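Just so it is clear, A, B and C label the chains in written order, and each chain counts residues from 1 on its own.
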Amino acid sequence: MPLFAFFAVDKRQLLTLTGEHLWLVGISMLLAVALGVPLGILLSRRRGLRAVVLGANNIVQTIPSLALFGLLLPVPWLGARADRLAILALTLYALLPVVRNTYVGIAGVDPPVREAAVGMGLTPWQLLWHVELPLASNVIVAGIRTATVITVGVATIAAAIGAGGLGEFIFRGLAMVDNNVILAGAVPAALLALGADLLLGFIQRTLVRTHH
Amino acid sequence: MSDPAGTAIEFVNVHYRIDGNHALISNLNLSIRRGETLMLLGRSGSGKTTTLKLINRLLAPSEGEVRVDGRSTTEWDVIRLRRHIGYSIQEAGLFPHYTVQENVALIPKLEAWEPRRIGSRVQEVLQLVGLPFGQFSSRYPDQLSGGQRQRVGLARALAADPPLLLMDEPFGALDPITRSELQHEFMELQKRLRKTVVFVTHDVAEALMLGDRIALIDSGALKGVFTAAEFLRSDNNIVKPYIDAFHAMQQTLKAGD
Amino acid sequence: MDRRKFICGVACLLAGCVSKKSALSVGSKNFTEQLVLGELLAQYLGRYTTLPVDKRFYLAGTYICHQALLAGRIDMYVEYTGTALVAVLKEPPSSDHEAVFNSVKNLYARKFGLQVLPSLGFDNTFAMVMRGADARRMQLKTLSDAASVSPQLRLGVGYEFMERADGYKGLVSKYGLKFREAPRVMDLGLLYRALQNNQVDIVAGSNTDGLIAALDLAVLADDRRYFPPYDAVPVVRREMLEKHPEVATALNRLSGRISAEDMRRMNYAVDGEKQDAAAVVKAFLARNAFSSTNFRQPRPVTSP
């Protein structure tokens, strides 16, 4: 009855909004991984940067998402386009799990393995490629998985600043005082988050070597 | 500028300090001859592993020079230096995500050997350490016993056929039977290969059995270099406790007959 | 490698979703008049052209509508020239209707690549509204009249009015108003109720508020021309007009056809009589014989 009545909502719009949502999440995650993994690798090499980078990430994480959107709105180039701003904010939120897990994964490589590899004459890049990244990949993908689920959730708030996505149904439903419309945004968003979690869990299990 | 008949590795007035002033190695002067098996014998914390790591530049001396094949370790390109030296450690440090084959083949691969040459070398070296290729090549380290892992570690160290070999208590974590097996196989291997080996141990029996010479390290200083016979005859008061312990062990075993 | 295939798959899914846009997307802000205007555009264009029309209403504010337009999520919405000038373009306010319209039209074209079409026919300017009885008793017809009695009056305003450059601050300085206490800020929808219940004496409402006709309320004239014009204009994406020129023709035919009276009545029908906005607009279009074959002459734009 009421729970699935939201299917009465315009299917085409549902598809459009879902597409916008996926776009926001997809671009942000791509950026978060492209920036976060190298940053995590860098942290595993330079002790001095750790406190600064992880500290900065922590601060960003504690800012509530709506507040972060609000803080970035007045910034000249960013505030001019809501999707730019939303993507920046989403990327910042996704960075911490990715950076931290990359760093922890690499640092967690068994010390004798690392010692043997270095003693054998692997260059730092070879060490990264043949030893550190493969052994850390499970933890890194786990970080990406966490980050993706977070991003799907925060992206619903992006509609509040005009970036589109499934949150638009939620806010519209609130304005119209119509639960069906709210659910039309909330349920697909929840399903997306679940789907992303399952998919990345599957990747985590199959793509990553099991002999660790 | 290497000296084929003479010195492979040389320590010249080497000091190694950490945390400003704490000396782990002081005033080390030692010459290791090509083709010999030199045992670094000492108690836990005596500095023998530190000494070993100064050879393949996992550590660099605070003072003095370590020369490999006539050139200071700080002059060598560190990667070339390490590829020139096989390294085998107590925990083996096998790559858990690579098969035995992949573990052993890694350095030859990185050295850009031809695939066929790599394949035959892996077979050859696994044979050397007593692991039949067909049975073991596609196993993962977590599917091997402790002894088997050590053999693979040794095979990996020998894969690119380096003239020098560093071994840090490689048999320390094994049960006595396996340890004895591997010790004997190592001796056979050395007779054939005649590599220059620097072998760290705290086990006096192992030192006496495997080494051409024994360098006794105590509190970061070299207390003497002996052949097995010289060692057993020595009055050096650092050596004495070892001899006593060795004899005591023999007595205990005899008494148990 | 499996990872690459996965990324390609997602990219295709994304592309697929985005390309499933309908032909026309009409947006609106989230208050009654905007909903009515959104319905007006949607129904009119739906009938006049044969294109399918998507409705994307209840967008929460000017910034969000503007963003949606820039990003192509909507193809058009109705904006007010004064709002466009001050809130979007951040230009200083002005009282000249023609000048404001031209500024907005030129700057929107230049800065955003958006087309501003001629006014629909009414000016939704701010209106300072009092209870009819009070206005008659105190003999107030204009805002200048109100200056001297303002210390007796309590003012009620909406959030935007407080913040905007063309809002509270300018009004008070232009007319020398000094209200009894700090203005009460509340949701737009609650202003008239507060006025009726004597919680406030004068509110900053809009010229086209439905309740002005329905209740006995008086609008004080802006004799010093403080409030800038807020002519209702369709703002449209140029790309969409290039693809569907018939939309421009249709919208031009709408220009000048909606009076402030029309707007007040439709607003009241939705707010006061609780009718459905779509139904109200449908009735309006039928009543005024808006059809592609039967068009009266467009009425000129006049300030109320």
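Throughout what follows, contacts are C-beta pairs under 8 Å (C-beta built on N, C-alpha and C of every residue); 3 or more make two chains touch, one makes a residue touch a chain.
These numbers come from a predicted model, not from an experiment.
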Please flag the chain sitting at the greatest distance from chain B, going by CA centroids. C
Give the identifier of the chain nearest to the protein's overall CA centre, each chain being represented by its own CA mean. A
What is the distance, in whole Å, between the centres of chain A and chain B, each centre taken as the mean of its C-alpha atoms? 47
Please work out the Cα centroid separation of chain A and chain C, and write it as a whole number of Å. 38
Any idea how many Å lie between the Cα centroids of chain B and chain C? 84
Under the definition above, what is the set of chain B residues touching chain A in their complex? 56, 58, 79-83, 85, 87, 89-97, 106-107, 110, 140-142, 153, 156-157, 166
Touching chain C in the complex: which residues of chain A? 10, 12-13, 15-16, 18-20, 22-23, 26, 81-83, 160-164, 168, 171-172, 175-176, 203, 206-207
Residue positions on chain A within touch of chain B in the complex are 110, 112-123, 126, 130-131, 134-135, 209, 211-212
As the complex stands, chain C meets chain A at residues 2-3, 6, 10, 13-14, 16-18, 20-22, 30, 54, 56-61, 63-68, 70-71, 73
